Structure formats: structure tokens, C-alpha cells
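Chains here go by letter, A, B and C, matching the order in which they are written, and residues are numbered from 1 within each.
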């Protein structure tokens, strides 16, 4: 701690948010690198290549409709919407950081998915005959998943970092993700279709650790901008709802064809419905006069989808999904009420969007639910073939049994947590270097730093312009309506 | 009427909008009940169960792609978006009730779909061998449909009821829906794929009857909040467009595989296109200076989708769809101009969103169009097999002929109207009890009652804060821009 | 030019924006004409007709899932969202023209798609045995595509024309589109699945030419309304993101079943990702202090999708897609910085949304990329069958070779440009007639002209109302927050 503290002091400096050289440099160089690496490594797979016709005949596939594209493309598009509109708009709730929320989310997702195609490709889709990565629609989904981990982490540091820092965070985040994913899914042989462990637990702790490393003791100087305004809260609901609605597609996007996708969608649909009710209940119960808090409705209603991620493809049963959602709505909302302020005050973790309550905790719960459900699987419930298919007890793992699978699931969860925390501390160190162009403590949560803002002044009548001129800028600048 | 009047007086009381005990209690108890009932009754069906592999082989199904999931999941997701974003955002048009619109819509839909899975399951998906309800993607779509009926009713009482009342309204609404649906589809053997009768007519009259029972003579005291503001109208267009675009999926989601889904989508697409033009025409023609009214564009453009619901799967013909849309755009817009004020003044029905013009009337038209189209069906147009498939002239109804089917369709429409009005009056009585926490007449359409609102004041310059302090709160509070 | 100039002077007149007679008349008459023409010409095709069952058996189709509906409907819905939400919200960026942006977009798209079904049907789907146009889901997609061309053109004249002018522009635009599409795709036998040439190049130059013909020398009198405000920029991001996310569906919607759709989606996904990074880089590099400009983020990030439209179905290779996106992000952003002001000042082309940078230039680049990729195609890369399938070297074109195909692609591009410019000048002449109800130069970009606006005044405190009354209306009227 002492070492960390002094490192922090070393990095304190006069802040300069001018990224005119660093941001274009990073974008150009990294995008050029992507082109070169794609040129060397990435090709179409047999289902997206013009040789598909021959492949079809050779493999006796009766119709084009059996191309994986038709199994997964609708889910892919739903996931794509979650990544760009869902995450992007969920973060627009701050009254004066909507451009940064949706814009930087757009930037890092667009970069991250390219890097993810490479990193995940090397681990999972490398064709050893020619050393090329062969990609199809499933790779696109996995790249979006990988990016989701980094966007979760963005939630913790929203408004406090520069776009260059976000790019660095994404570069390392995707790399760490691909490694932990390979360890968890391939080496440990845990199942995690919806990514409770691989995506949410990892992404959550990765972001929290970075936020801890980047602790800003004087962040209250920006407190005037740390809240929402009426319309920004409505914008955030666009994000919430698209995440909520498409989460069944998220959890079912890469599960087995047929019953696997079908069941995962049903389980997620139910868990999410249940979460909404307990979130509303707790939000009302713990507020003065029983009024609901938009922060809870925007975030905690999604916790059920996170927590059912691992077990969604198992025979969790419809009531099991409801129970998972029930508990997560409660835990997540209580987290916003008690845990977030506690973490900020005592653990020095400033979590702008409360990702600990929405991703990290529900992710851990999801890992545990997955382990229990796997350990409790029986042939009478799954059927002989169903058990083998669902848990992929094939190849090197053909002697696996459900109880041991439960242990592997738990091991996978531990790996995700370790990678998240360890990786976050490492990357947090890098991000403390005084070269990234992040804003000073009294200038956070403000789009002014990185965006040309529309000059709303020109529409202000003279008397107000005079007032504007007179008053302290700190107290007045907001884009939200102000006559309430 | 006299009896109703005195009942109203009995229920008049000092309003208290504190729902801190009632709302959490309802959410917790009902969600717990759902878990128990799901535990007892609900299981996966053969297409979402791990036994699918065996089922596939036993039934000689050549590929996983023939799992019903792939026929219906894209449509399901579109319907899901309509329910949560479509209905939710359509109702955000009020300047100061956007949280309530999108938030309570979210709450009651999430509860309603669980209850609908049970209620519809008992009627339609009960497996008599083991007494369980077996669910798959089609059940999810039907649950969303069922919820749509209640959300339509919410439109009539928007801003005037408490969340607890909405939950009660949804509980009874779903129950009534499941019964009338069973009577109309199974006993009467009417066809209603897009739910013109079952969803829109029922939901519309259900909501209007409740609104009539809850008549507020002094609602004009809230008139300052009953309008829209510029940005809230743009938010509402998000709802309008997602409803409009995905309506073809709504009307085709549960029609027959193959040509049934294909035809229903085409008919709905065309009817909706036609409605837009006549809505614009009437809106411009009946306003001073030919200016368009956003209320019409937001709502009446959707009437064609409602009215083509029943007949969309029939051979309505492309020009038939256009004609239906043409008429509904006119009728619905005229309804907003003349009928809504008339109903409020003379019939004591206060219809916040104008659901009579958007759902009730077009729903009745849709029922009539369905009856006529069915009665006019001939073997020369449909083909022998096509006729049997389209109207499901099988089993107990294998001797049915088109003309008689037309009569059954008309009978179904009457049942929907009766259930809507009767159920609405019954539920309206219950909702008048002085225990539900609804707002007083001068406090309607105001999120203040049930939501923690962002404190926009902190950003107001001193001179304005002083003004804010001085002026009558009633006249000033709005989140919309106010310097125009 | 002199002739054009004097024509302009002839058409100058006192402007009157009252469209109370013309707009309803156009809507009613044209919609009635549509009904009659649909009645005479349009029927269901064999996949959406009740005879599908018999067709299936006769053609030995094993399952309903092979109905084209299941291949294309998810893509169709994505395209539909792009047309109505994508284009509609992208144009809401103006602070006071959001109703017109999203509302008129809605109107002309709803009309255009009906007219497109007829025009394209006569050229492509006419059944010569009975003289009827047979439609299915692919026709709906093509109608949406055709409409896209007109919506692009709307972007150039946004805020400067009346809804009646827009209807006329759409009527002619769809007609011209259908002819040039027939020439390019059928006579010249160019391939253009994503419409770089047919849609974007044509639509772009069509709109620019109209805007040139409608040049307003005193448009700076409306300059107070020509910018965005904070929330209108966030609304516009909704449009941007839905266009960006669903562009893979746009470019793959009508490509070949199987690998064709699969590959087009992958290429578009990659090109768009690459564009985001170079757009951000250029935007930051060319602004003071490295701040990003929302105009670039909203528009230039989409240029990669346009430019990869033609070649997306070819073996462009993943790195090829990245390169195309890389270049287009740079060119498009530089276009906004240098070319748009230049064109306004020196060429008298006022391009409200910068469609030259987003559609016209990238469309031309897309045509060139398509020609090069086609000319470079080899049997070793595509496979013998793959080459024939991808370029459709069948029937009258069975002797075609890739190099010659490249020439045909280039010829197609020229046709698109000629039709765009020629058609635009012609239609621009018509639109200069003094009968269309467009606004005066000092009243552009203002919803006041054609919409009943919500009376935000009622919520203004007395002191402000007084101020409102006193001050010059020109300087004050805006719906955006004004206390910043």
C-alpha cells in the first residue's frame, strides 16, 4: 500500500487534457498494425468462403440454411446492439458526459473487436495446416463478448480517464481476456456460455482494480457534474432496455445449436423478469417516501442476466432462473445503496457506474450458480446424450462427471477473479503514468475536455448571457434544463 | 350510474402517494408466488430440453435448424423490443412523466409475462401426462402478447394511477386475457394471429373502462403537466418507430411456418405504410395553417398494424392491406381530433394516450376485416390445402367452411369487447379502493410522486434560483427547456 | 449557368409555408393511386402464397425453414430499422428540426417503399404469364434499399424544403433509382449487393444536384438554427449507432444464400470498425486542442460501410475490408473539414448533413473498390463454382471473365453518377416552381413552419416570460437548454 501510495504521488502532476497528438497517433498506429496482422493471419472460414458450395457437397449438407450464419446471425446482431447502444447509452446518465459515454464506448469497442478477433483467433480458431485464423459469425460474437469485458471496466472509470487511457485499457483488457478465457474454457474445461465468469467477473474486477489504482482523493470537486439530469436519465433507459431485452440473445448466442440456444434464451428471459420486481421492491423500500431511484432501475434490473450467464445453457429449470433473478435484484440494489458509498469511502474505489453491483457481484454469483448446477446434473434429468452434449464431455474430457465438472467451474471462477484483480492493478500502474492526458479532479465528468460542444449560448437571451458571464462557471455549466 | 357515482364518492379521500410498504410487499409476495408456481408447474418443452437430441432422432428431424427456436426467435426479439422500448417510449411524450412511462411499463411487463406464462400455459400448453406446462419460444411470444394487452390499458390511465394499481391491473388483466383468448381461439375457433381482437380490442376497452371508473373530475388541475415538450416528443418517436418497424414481426410471430409468417409480414408492412400517408393528410388538413400534430404522427401511424392483425395471415392481398391502412389512418386521426375530447367531456372517459383511437377502434375494425376476409375465402384463391392450413380446419373443426368461419370471427370480436368492458369495470371498482397510493387530481402526470428526481436546481444560476424560490411551484416545475 | 440563374430568379417569391391543401392532396391522391396500382399489379409470390405447401412438395423442398423468409427476414428487419430509426435519428442533430428530421423521413419512406415495390417490380419481379408482380421478403428489402437513396438525398436539403417537395423528390427519386438499377444490374451486369453505386452514389449526387438547384444565397439568415444542441447530438447518435450496427445486415441482405450473406456481413463489420478509428484520429488531429467533433463521429464513422457495399460479397479478404474502412474514415472526415465549406462557398452547394462526405464520395470509392476486386478475382481464390456463383456468370453472361467484369463494374459506377446528377438537376428545376410551400431563407431549419410545437412557454416563470416577450424572437427561440 505504501508503495502504491508513493507511486501515486509520483504520478501527480499538472493535468493537460490535450490529446491532439497522442490520440491520433494511437488510432493510426494501432489500426495500421491491425491491418498488417489481419493480412498475415486472418482468412474466411469454410462457411464464409466461396468454397462453401464445395464444402456443402463434400459434407452432405442438404441446404444453405445449415450454414452457421443462420443459426447465429440474429443473436449476433442483438449482441452487437447491446455492445454499442446498450453499454453506450447506459452510461449517458451523467448530465454532462453523454458524448464521452457513447462516443468513447464506440471508439474502444471498434478497436477492441479487431484485436479480439486476433487474440481469440490465435487461441481458438487457428488452422494449423496453414497458420491462418479462420473466422465466421461465431468469431464475431466472441469478439463482441471480449469487448464487453472492457466496456464493463470502462463503467468504473467513466468520466475520469482520457480516450488514450481507454485505448490502453482495452488493449490490455482484450489480451488478458483472451488468456483467461483460454485457461477457463479450454484448460480447466469450465462451461461459461453467457460469460458470468469470463466476461462479467473478469471485467468487473479489472475495472474496479484500475479505478482503485487511479483513486482521485479530490473527486468531490467535480461533484456538481456527477449526477444525472431528467433527460439524461431517459437516455440511459434506452441503454438499459436494449441490454435487458437482448440479454437472452447474449447468453444463447454461442450455446449449442437446437435445444442449447433455446433453453439459454428461456432461462435468461425469466431471470431478468424476476430481477425487475425485486429491484423495484428494494429501491422503494430503502428510499424516503418509497420513491424509486433511477440508478437502481437502470442497473440492478440487469443483474439477473449476468448471474444466469453460466447456468443458462444447463437444466437450471424455469423456477431456478426466477430464483437467481430474485436474489440478484436484491443484492445488486442493496449494493448500490450500501456498498458503493462504502467502497468509495473506505476502500478508495470510485465506481462511477456501480459495476461492482451490476457485473462483479452478480458475475461471481453466476459462477457459483453454474458450479452448483453442473455438480447437481444427473443423467435422469439430462438424458445420456444430453449430458454429454451440454457439458461437452468429449475428447480429453470424456471421463468427466458432473460433480467434478462443478469443481472445474469453481476453479474457473477463481481464475477470472485473479486475472481481473491482477490485470487491473498492472494496467492501473501503467495508466498512472503522467502522459495520457486525463483530466484534473475538478474537471472530471465533463465533455468539455475532449469534445467540441455545441454553442448553446447563442440562443440565450441577453439578460441570461449577462448572468452567465457574471456567475461562477463551476456552478452553472450544464446542458440540462435549469428552471425547475 | 347513480350507484357508480356514490361508490366514487365513498372512495374519495385525502391522497397519499407513499407506496413504501405496499409496492415492495406486492413485488416480493407476487414474485415469490411466481417462483412457487413455476416450481410446481413449468418445465421446458421437448425443443428446449436436453432430450431434444433424442426427440430429433425419434421424429426424423434432419437438422437442428428445424427447432422452432429458429423459426420464431428473431420475431420474438422484435416483439420484445415492441413491448419494452415501443410501448415504454411511446408513453414518454409527457413532459414530466417519462420515468413513470418507461419505468412502470418495464415493471408491469416484467411481472405480467411471468403470470401470463402460467395462465396461458394452463389453457394451452398443459401436458396432461404429468400435469406440467411445457414452454418454448412460442410461449414467450404469447406471454409478451398477453402483456401487450395490459400495456395498452396502461396508456389510458397513464399518469393517474400508482404503480401498485398498475400491478393489480396487470394481474387481473392477464387473467382475463387468458380466459378470453381461450374462449375466442379454442372454443369459438376464431383466428387472430396478430391479436386485433384478443389483444387490441380487449386491451383497449379494458383500459377505457378502468379509466371511466377512475374518472377524475378535477384533472384540469394537472393540465400544466398534461402536454409534451420538444425533447419528450422526440423520445416518444423512438417508441413509435420501433412499434411501427417491428409490427410485421408482431403479426407474423405465431402464424404458420413458411408462407403464413411470410404473408403476415408483407401484409402488415403494407398496411402500416399506407396509414402513415393518410395520418399525415388528416393531421395537416384539420390543423390551422396545415401544421402537423406530433400526437397524430406518434400514434395514428400505427393504427394500420392493429387493424390488419387478424387478417394478416389470410389472403388479404397487398391492395387489401393498403386499403385497411388507408382507412385506419383517417379514422384514428379523426378520433384524436374529435372523439377524445368528446369522450372526456361527455362520457367521462379520460384517455391519456388516446388508446381508443390507436387500439380499440382499429382493433374492432381489424376484427371486422378478419371476419369478412375469412367469410370470403375460396378454395380457388387459397388452394385446398392452403385453406385447411390457414384456417386450421382440422380436428373438431374439419367440417368448417369459410362463411361460417366468418361468423365465428365476428363472435370472437364480441367476446373481446365484452371481456374488455366487463373486466375493466370490475377491476376499476377494485382500483377505486382508497388503499393504492394514487396521486391527487392536482398532482397527476408528475414523476415527483413516485421517483427520486435529479436535482437540476444545483446548476441554476443564483438569479434564477431566487426566481424559482419566489414563484408558484405549480407553474414552474418542468424538466423541459423553458426559454422559448 | 446563366440560364439556371435566371430560372432561379423567376422562381423567387414571397414564401408561404402553408401546406394545408397541397400536403393532404398529395398524400390522398398518391396513396389512392398506390391502392389502384397494387390492385392491378401486385400479388404474393410462391413463397408467401397459401400455395406454398404445394410448391414445396412439387419442388422437393424438405422443410418450411427453406422458405426465403427465414434466410432474409432478420436482415430485412435490421434494414428496416436503418431506414426509419437510422436515417431518421441521424438527422435529428439540428437543435430545432428534430420533428422534421424524423417525421418527414417517416413520411417519405412510407410512401417511397410502396412506389418502389411497383417500380422495381415491373423491372425485376414481373411474372409474364399473368402480368402480375409477385412479391416476397426480398422485394421488401429492395424497396427499403430504393427508399434509402431518397433519404440520402433528403440529407442534403434537410431543413430547406417543404414536405410536399420531399414527396415529389421521392416520387422521381424512386423512379430514377429503379431505372438506373435495372441498367446497372441487369443490362450492364454489374454486381452491387450493398449498393455503393446504385444507392449511395446515385442518392448522394441526386441530393447534391437538387441542393445546388435550390441554392439559397441568404441561408446565413437561418444560421442561428443551423447547429446542434447537446441533447440533439445525443439523439443523432441513436441514428448513427443503429446505422453502424446494422450495416452488415444491409450489405448482406440480398447477397447469395450461405457463404454470400456470411462473407458480406464479416467484411462490412470489419470495414466499419476500422473507419471508427481513423475518423477519431482525423477529427482530433484537425481540431484545436485535439477535441473531437460530434459531426464527424456521427457521420464519418459510417463511411466504411458505404465503401464496402459493392465488394462485400466478393473475396475482399478481412484485411482488404480494414483497408477500405481505414481510407474512408480519413477521406470522409477531411471532407467535412475542408470540402463541405468549400462546396458551399464556391460551388453553391449547401449540403446540410454532409452527404457528399458520407455517401457520394465513399460510394464512388466503393464502386472503384468493387471494380478492382472483381477484375482481380481468380479461380484459385474463389474456386470454379464459387467464381460463377459470386459473379453470377450464368445465362447470357456465362462467357464473362473477371477482368471484363471489372470493366462492367466501372461502367455501372458511371451510370449511377450520371443518373444522380442528371436526375437531380431535372428534379431540382421542378422543385423551384413557386408552388411547393417551402420556407424563406430566414426561416429554414425551423420546425415551427410545419409542426404544431409544444407550448413550452407555460412552464416559464413570469420574469422569463417577460424577457421572452421583450427580446428579439430570432435570437431566442430554441428548445435546447440555454443557461450554459
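What we mean here is this: a contact is a pair of C-beta atoms (placed from the backbone, for glycine too) under 8 Å apart; a residue touches a chain by one contact, two chains touch by 3 or more.
Because the structure is predicted, anything quoted here is derived from the model rather than measured.
Visitor: Would you identify the shape of the chain contact graph, picking one of line, ring, star, complete or other?
Guide: Shape of the chain contacts: complete, all pairs touching.
Visitor: Under the over-half criterion for shared residue numbers, do copies chain B and chain C use the same patch or different patches to meet?
Guide: different
Visitor: On a C-alpha centroid basis, what's the spacing between chain B and chain C, in Å?
Guide: Measuring from centre to centre gives 33 Å for this pair.
Visitor: Chain C: which residues touch two or more other chains?
Guide: Expected reply: 62-63, 65, 70, 74, 231, 238, 459-461, 464, 468, 476-478, 480-483.
Visitor: Would you mind writing out the residues of chain B in touch with chain C in their complex?
Guide: On the chain B side, the touching residues are 62-63, 65-66, 70-71, 74-75, 78, 95, 224, 227-234, 237-238, 241-242, 244-246, 248-249, 257-259, 261-263, 265-266, 269-270, 272-274, 276-278, 280-282, 284-285, 287, 289-294, 297, 301, 315, 317-319, 322-323, 326, 381-383, 385-387, 389-390, 459-461, 464, 467-468, 471, 475-478, 480-484.
Visitor: Under the touch definition given earlier, write down the residues of chain B that touch chain A in their complex.
Guide: Counting only chain B, the residues touching chain A are 17-21, 23-24, 27-28, 30-32, 34-36, 38-39, 42-44, 47-54, 56, 62-65, 67-70, 73-74, 77, 80-81, 84-85, 88-89, 92, 98-99, 102-103, 106-107, 110-111, 113-114, 135-137, 140, 163, 231, 235, 238, 449-464, 468, 476-483.
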